[in-house]
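Note that chain A is present in both complexes that follow, paired respectively with chain B and with chain C.
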Partner chain A sequence: MSAATTDTLQILLAAGPGPGVGPLHDLRDAGRAALAKTGLPGRKTEIWKYTRLKALDGVAWTGPDARPEIDGDWIDAQAGFRDAWRIVLVNGRFDAGLSRLTDLPSAARIAPLPEAAGAHGAVAAALGQLANAERFPMVALNAACLEDGVAIGVEERALLEKPIHVVSITAPGAQPVAAHPRLLIRIGAGAQATLLESHLHLGDGAPAFTNAVLEIIVGEGARLGHYRIHDGPENALFVATTAVSVAGGAQYDAFALNIGAGLARNESMYKLDGERAEIAVNGAYLGVGGAHIDNTTFIDHARPNCQSQETFNGVLSDHARGVFQGKILVRPDAQNTDGHQMHKALLLSGKAEVDAKPELEIYADDVRCGHGATIGALDADQLFYLRARGVDEQAARALLIEAFLLDTVERIQDLAVREAFAEALTGRLRALQSSLAHGEAA
Partner chain B sequence: MVASTETVKQVQELGADRYKYGFSTDIEMDMAPKGVNEDIVRMISAKKEEPEWLLDWRLKAFRAWQEMAEPEWAKVAFPEIDYQDAYYYAAPKSGDKPKSLDEVDPKLLETYEKLGIPLREQEVLAGVEGAPKIAVDAVFDSVSVATTFKRELEKHGVIFCSISEAVKTHPELVRKYLGSVVPFTDNKHACLNSAVFTDGSFVYIPKGVRCPMELSTYFRINAENTGQFERTLIIADDDSYVSYLEGCTAPQRDENQLHAAVVELIALDNAEIKYSTVQNWFPGDENGKGGIYNFVTKRGACRGVKSKIAWTQVETGSAVTWKYPSCILQGDGSVGEFYSVAITNNFQQADTGTKMIHLGKNTTSKIISKGISAGRADQTYRGLVRIGPKADGARNFTQCDSLLIGDKCGAHTVPYIESRNPSATLEHEATTSKISEDQLFYCLSRGMSAEDAVGLIVNGFCKEVMQTLPMEFAVEAQKLIGISLEGSVG
Partner chain C sequence: MALLEIRDLQAEVDGKEILKGINLTVEAGEVHAVMGPNGSGKSTLSYVLAGREGYEVTGGEVLYDGENLLDLEPEERACEGLFLAFQYPVEIPGVAGTTFLRHALNAKRKYHGEDEYDAMEFVKFVRAKAKSLNLSDDMLKRPVNVGFSGGEKKRNETLQMAVLEPRLAVLDETDSGLDIDALKVVADGVNALRAPDRAMVVITHYQRLLDYVVPDKVHVMANGRIVKSGDKSLALELEERGYAHLLDAAA
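Moving on to the complex of A and B:
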């Protein structure tokens, strides 16, 4: 580890709550111990090959205390989904005042993490199990700085009629802020729920660093839809580590939409941990300006007869950079596995870059696994087709880009979410139309 | 399930005796003392009567090697190599260098005859009329023992000789190109090779010449505890063409032997080099004992406009393979191709693939990789396709297919795809599957034995690659696939 990153780590740790007491202190101590061994991810860490956290260096990061005023209307306007139970986290801390949890049925339990961990042995035991601090330095950093967060539990066979919407706001006041939101979500056997995540940014220009960790346990035969949208300005760094275990017969449908202008890394691990588990993990990203968007996924077929499907489409303009790393592991006993993965990227500018690393690691023979990756410009034939029908160049390009990204959004199983995500995406595309039309920033 | 249980049993029963090249030749050898140090490097250089600049280069490489770390990113596992426990120079003892084949030790000739490599030109000529001629450079442990058809090649201006000879006869060419594609700092194995390489082949095809016959090198490790470090350098000048074949075998021994070769190809304007390998080093026995560590650095530079380099490899041997034949596509419109069939059985491990570095405009590359894993073997395709910012209009197509036979083996695909040019088009596709029951049933119901059926299906699976091999090699490779998979399906 270089001197700069060692300093950065010390600054980040100092901004956290420090070793201390409370139900989370074990986790914090373990996080610190793991970091002392590994340090922050650096150049030598293979899985961080294409994404550097250099922007963390040389910033006087502070803890979550200093935050601007946030009003509910702003959240309504930014996050949408008014008809959902809303959990608001500001700089990683649960904000009961801004949250909207009235009429929450008793089958769903939502509580601040320290409280839940203190009251329920099961919560304390589950924390840090899926997202392992020793293997993932960013998880260790989250744990080391952990003071709050939210635990969500859905009882067996419960059917939640509205989505649960987690709105995580990173809000630097005058000072640069480092936030470490943490969520533990347990969906009981046979239950059905939808989890929405909006990662927003509120501030006047000070740098913001969000290092979120989510652990999700999907019980036997349960169904969970999990949809994330991330947006942020150029000086925002966003890292989210998501670890999901899916039990037998359960279905998990996920989508990640990234339209931020800063650095975003979504690292997700999915374990198919029971027979006939099915997951669909999809996403779309739009990188403009100096955006750096990294989607790293690891799908672990640990049991037989499971299915996984993954599709990511990305568009990169200006000098944006896109990274896709997708690994499928099929363990020795996971016979009769279906695993399919696709990543497509459009490069619109000569200074944009995309790096893809789709990976298969297979130890069972009765499998149907495959991956595909394509990188290219807009299809000249398709453009010609539209132009021949009287569509002008700029509109034709916009139409093709939109269709390319919406192709994956279509895969979202929840209709309302699909429409909302499509709207967010098309809204952003329209705002950027003139710059995307020429492939270079105006 | 029944089929796979039987598979495992069959694989276990399978003796290593199917490796028919496992014999060794009892011949008097000239050996350097065990181990490697600056004196050994100096001794090798002195034995070869090398000029000062080459010794300096070797010593620089050796010093760099001592500082370098082993590459650890490949998905292979083997005990740490004790570099001091091997011989770095072993040559069959003979007084002066033989002037003709008649002076070569008959035991050596016998060895090559047993291997099916004709060193006597008349034998080739006496064969079937119209049979294609192949010029062979035979390398036995550390030295080249014979090069055939030299005179006929000379008529066309083609230089084909051992690299030690080329250092003496064409120092300007060797000095200009040696290490220009694979610098000694490239990786630890290539670095060791640069310090202690003993022999290998040198080819120069002059401007406008289409090499009149296939050129071939046959590598044989014979002596115990030796490492083989050969170095091949092929230069195709403007508008020339050459097809080059490489074959390799080693005796069956209990200890692991190291083979760390370096191959450098240079294609100038409009030149084409086709490099084919059938690698059949001893793979170790059915318990994973013994076998060759095949750590090879192969790289071609398409320096000229519209130049082309095509690598074809059939990898069936070696205990551990670490090999990535690559193309640097510098010249505008240059073409790189990589066709590979890799078969691993028993405890073999292979981490192989290619790198296609697109630098010039309108460069194209194609990668077809077929991996077959059986027994307890582990196999990885690892590849890189990189499109530089200036490579306008570059294209790449990659297809990697893996076939698994049995449930104790592994097949992995690790491609890196990097593009920095919007006008480039890249397509990558990979699949992993097993031999379908339907295909097997279809063959069996027509009276084929299970083994023949698997051979047929696997050969069909590899067809695209096999078609790119020169005819006489394709026949050998096809048989080899059958032998390598013998008993892998019940």
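Moving on to the complex of A and C:
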């Protein structure tokens, strides 16, 4: 660990609540202990090879206290999904005033993490199990700074008719702010729910660092749709570590949309932990300017007869950079596994870059697994076809870029979410149209 | 003034000379057929007219309605009424046929200072066009040409042509690979567009399309040049005797 990152770690820890007391102190202590061993991810951490957190250095990070006023209308406008139960976190802290949980059925329990961990042994026991602080330094940092967060529980066989929408806002006031949102989600056996996540930023230009951790337990035969959108300015750093376990016969459908201009890293671990579990984890990203967008996924086929499908499409312009690391592990026990992964990147400028690292590790013999990756420019034949029909070059490019990204959005199983994500994406593309117009076709 | 006048047009692709001095004049109201062996440069000519990148004009000129066509961007040529039905229509995954064609039609309308169609107006307009040609507009719901059979792609080109109502249509083997019914559809599409102020250049290998779309002139292209021109009887003659005697004579 370099001197700079050691200092950075001390600054970040000092911005947190300190060892203290309360139901989360065990977790905090464990996080600190783990960090004392590993430090922050650095040059030598293989899985962080392509993404550096150098922007964390030399910033006077502060805790969640200072925050600008936030009003509900702003959230409505930014986050959409008005017809959902809304959980608002500001700088990692649950904000009851901004949340909208009236008429939440009793089959769904939503509570601040300290309260839930204090009251329910199961919550306390589950915390930190899937997202392991010893193995993941960013999880350790989240734990070490943990003071709040939200626990969501859906009872067995409950069918929630509206989505639960987590709106996590990182809002620096005048000072740079480091936030560590934490969520624990438990979906009971046979239950069905949709979880939306909007990660937003609000501020006047001070740097923002978000280090979110989500642990999601999908019970037997349950169905969970889990859809995330992340947006943020150039000086925002966003790291989200998501650990999901999917029990037998359960279905998990996820999508991650990244359209932020700063650094974003989604690191996700999915464990197919019972027979006939099925997951679809897809995503799209759009990087402009100096954006850096990293999607790192680990799909762990631990049991037989499971299916996983993963498709990510990304568009990078200017000097933006994309990273896709996708590992699929098929354990010896996981016979009759279906696992398919695809990553496609469209580079709109000679300075845009992408690092793609697909990895299959297979120990069972009866498997159908595959991965593919393409990196290229816009298709010259398609561009010409459009232009030969009268569509000008700029509009033709925009149409092709949009189609490329929407191709994965189409995979979102929930129709309303699919439409909303498509709209978020097309809106952003329209705003960027002129800056995406340059560049060369293949 | 001719609608299209090609004078001594020379062009190369990847440094290789393909068109070696084409002369061709098409008057408004006429249909011209261009025939010729594989590799003679017919598609190259069509791409040069449409403005495809990589097709470098090294000599000669092309006047369209008296204006220098080669100065225009591909989209400007299209908006000015040039339409190329591609020999190999391009697949565009993720873009629905309706979206594609609405962009195309609205680009043209905007270019001419007309109001753009909204989605409803457009659907109505296209449906009427398709119906008049005995075509189904179902294929417009699918992504452009993706998974289409060869014949479906050609029908799609014909529908696009009908919707865009070009003044000069260049059809590059739009009749290839079609069954009899589809051939009729394409022929009807072409005939429906025939008008005193419009013209068509039909590139084909077969006489059978020309039974339905009777050409005013027939040209034979070989090795980057037009080696023979005549009336519709030339096509019949070629059908019988092939190109060999012409090529020998041209060599």
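Criterion: the second predicted complex is superposed on the first by the 438 of 442 C-alpha atoms of A that agree within 3 Å, B and C clash if a C-alpha of one lies under 4 Å from a C-alpha of the other, contacts with A are read in each partner's own complex, and residues count from 1 in each chain.
Rule of thumb we're sticking to: a contact is a pair of C-beta atoms (placed from the backbone, for glycine too) under 8 Å apart; a residue touches a chain by one contact, two chains touch by 3 or more.
These figures come from a predicted structure and were not determined experimentally.
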Requested in this report: Name the contact category of A:A119: first (chain B only), second (chain C only), both, or neither.
Outcome: neither
**Report entry** Chain touching more of chain A, residue-wise (chain B, chain C)
**Finding:** B
Query raised in the report: Of the partners chain B and chain C, which touch A:A111 in the superposed model: first, second, both, neither?
Result: neither
Requested in this report: Go through the superposed model and pick first if A:G390 touches only chain B, second if only chain C, both, or neither.
Outcome: second
Query raised in the report: Given the touch rule stated above, what does A:A416 touch, chain B (first), chain C (second), both, or neither?
Result: neither
Query raised in the report: Which partner does A:A55 contact after superposing on A: first (chain B), second (chain C), both, neither?
Result: neither
Report task. Pick one for A:E46: touches chain B only (first), chain C only (second), both, or neither. Result -> first
Report task. Pick one for A:D381: touches chain B only (first), chain C only (second), both, or neither. Result -> second
Requested in this report: Would you sort A:H371 into first (chain B), second (chain C), both or neither based on which partner it touches?
Outcome: first
Report task. With the two complexes superposed on chain A, say which partner A:V354 touches: chain B (first), chain C (second), both, or neither. Result -> first
Query raised in the report: In their shared complex, at which residues does chain A touch chain C?
Result: 380-382, 384-393, 395-396, 399-400, 402-404, 406-407
Report summary line: Note: in the complex, chain B contacts chain A through residues 4, 73, 387, 389, 402, 404-434
Query raised in the report: Within the complex, which stretch of chain A touches chain B?
Result: 46, 332, 335, 345, 347-377, 439
Requested in this report: Flag every residue of chain C that touches chain A in the complex, lowest number first.
Outcome: 50-53, 73-75, 77-79, 84, 86, 89-90, 92-95, 99-101, 103-105, 107-108, 111, 143-144, 160, 164
